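The chains carry the letters A, B and C, assigned in the order they are written, with residues numbered from 1 in each.
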Amino acid sequence: MKNPLKTIRETKPLVHHITNWVTIYDCANITRAFGALPVMAHASEECADMTKISSALVLNIGTLTSEIIDSMILSAAAANEKKIPVVLDAVGVGATKFRDEMAAKILGSVRIDIIKGNYSEIAKLAGENAETKGVEATSISADPEKVAKEFAKSRSSVVVMTGKEDIISDGNRTFIVKNGHGLMGSIVGTGCMAASIIGSFASANPDYCDAAKDALVYFGVAGELAAEKSIGPGSFKVNLYDEVFNLSDEKVRGMMKVEER
Amino acid sequence: MKNPLKTIRETKPLVHHITNWVTIYDCANITRAFGALPVMAHASEECADMTKISSALVLNIGTLTSEIIDSMILSAAAANEKKIPVVLDAVGVGATKFRDEMAAKILGSVRIDIIKGNYSEIAKLAGENAETKGVEATSISADPEKVAKEFAKSRSSVVVMTGKEDIISDGNRTFIVKNGHGLMGSIVGTGCMAASIIGSFASANPDYCDAAKDALVYFGVAGELAAEKSIGPGSFKVNLYDEVFNLSDEKVRGMMKVEER
Amino acid sequence: MKNPLKTIRETKPLVHHITNWVTIYDCANITRAFGALPVMAHASEECADMTKISSALVLNIGTLTSEIIDSMILSAAAANEKKIPVVLDAVGVGATKFRDEMAAKILGSVRIDIIKGNYSEIAKLAGENAETKGVEATSISADPEKVAKEFAKSRSSVVVMTGKEDIISDGNRTFIVKNGHGLMGSIVGTGCMAASIIGSFASANPDYCDAAKDALVYFGVAGELAAEKSIGPGSFKVNLYDEVFNLSDEKVRGMMKVEER
């Protein structure tokens, strides 16, 4: 897509989140900083109605409960019917049996257009032998690119594996995004924010693989710009929001580091 | 009221919140920055007891559930009995049927002293034809000042409509507050914070219309001062807290922009 | 312990939290800034499993519900079995009957290794006559050092009373920590963060009294360094995270203010 950021800022898509209680504020705020409109509504009585007036749905199981999973499925069904993109951030899959089961329940009940996680979360979802340390990736034995590509093909979905290098695949095309900075890992929530940004970009671009790749490039570039001015996680987070707010498609074009394989 | 900020800082009122999970931290923190003491307690077993030791109650339905609404009603009943001010921030009314119904349930069950929302939320509550885009106002066909004034009169409450210009009315007096800055809309939660500040000011001033007007003036002035030093939402939020912390009644007096109609 | 911070940064302990919805993000973020890995998981179906792969458990009853308390007890039982440290932050005990009862339920059901609260919270837990203003300490009539020491002895636990001076006692040794800065009280959540830090330090040091003392010294030193550069709660919080991130055992050694009694 030519100017995704300009498009988001002009169309101001409503991005419905059912997400965790740790980073919910940052998911909302980064969505706003990119120019989209966040809304968070998890009650089973209204979640599907909120999805129906939205342009994307972002699900994040960081602090899941059975009730929240039920609401996610209600909302995703409404999103599937409306044909708006659904992003699942599979936080902590590989850490407990309950997370593995609930993620499987979602994937077995509704269509997820973009499945996102760190290396061990996606590997676990894809049936590989993998464990997650709480919500932190551990090293996996399988080849991550192969895992992403094959899992994407088997699900007919876009798969996003985040890490030092991000891997995005729809089973045919595979992008490696090398933008980003180590300080992004010094604050909690950049992974969750990435899912919100992917939802925002996918609401504006029907090629979800391209949208997810762009989302991670734009966020990574903002992170690089912010890191130049920062001495720790406090200043980094402040600068990250300022850089996202002042980002432009032109600025990103000169800094993107993407390989297609 | 002569020196509302000085009064709050001297009396340190306890402001009980039952609020949403997105901006709960900022509601607590801005309450503290103004000099009041925030407490958040939503369990049905204790919420009324917490209200009984408080000086104001702030309700915000941003991430409502049926259980949370029940707790709000329990707490508001306790507040009504103790005759402390109750603020309702009608977040997202006009977006889903459930929100409309739950807001009506609250308004039908207990006395709300100050009803706050953006233009479309208040218009919807007042029975006008209005829709809310998630939690964002959309333009309304009715005259907002007339809506605020008549809704206030019909409810015998103070009505606060926030937007580029804030409208505060008790049905007789109507204030237009023109303080504030565009960057306040670049971060999520300034609307929710405003409700917390209104609660803090109302705990110190029995003229709730005057208190709500003052709250928005003080917050708006802090926003203007913060904006001068900020280049985006990250730095703006930092500066906003610093400016609120260093605000004084004297400083605000020279900057207030209020019309009475 | 010689170099607790270096140890935490090398071992990256997983610190499981079941905590409140107000400061949950800051609990996670400060844990990360100190070099440990935070995870928050409260669902009854998985909380014990998450504790089983963790190195410490931090419980905080700030926004408690009956269900959350049940999850806390499930997790603490798993922690007791695994012999990893359990920290209880008794937020708001002394404010409502429900909090008093739920704290008593936890203390009667599982072993709590480190009991933390402000002066009035701990005094109330210890059976003294005390009231808490929401979540803020009020002055207590009893001698706080004596309360901490005797309560620690009676429970065979470490007791941490936070305030202008922090008191840490295991019933035999009593430490008074005088590090810290007034600006720490200008932001919401430093008390909750302190519990997360205590959990992180205790995961690395089997002498929990020493660990709790170190945690408060390190946090207090970071607060002092941050305050030098700050003009209000906004800048203070940014600088606090940067200072924690850039802290070292060497830096702290030159600034610690501890008395042993």
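By our rule, contacts are C-beta pairs under 8 Å (C-beta built on N, C-alpha and C of every residue); 3 or more make two chains touch, one makes a residue touch a chain.
Model, not experiment: these values are computed from the prediction.
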What pattern do the touching chains form: line, ring, star, complete or other? complete
Superimpose the Cα trace of chain A on the Cα trace of chain C, which carries the same sequence, then give the rotation angle to the nearest 5°. 120
Residue numbers at the chain B-chain C contact, same meaning over half shared and different meaning under half, come out as different
Distance from chain C to chain B - Cα centre to Cα centre, in angstrom: 32
Chain C touches at least 2 other chains through residues 21, 25, 237-238
For the complex, give me every residue of chain C touching chain A. 14, 16, 21, 24-25, 28-29, 32-33, 37-43, 45-46, 49-50, 53-54, 237-246
Parts of chain B lying in touch with chain A, wherever the complex brings them together: 20-23, 25-26, 62-66, 92, 95-99, 133-136, 186-189, 231-235, 237-238
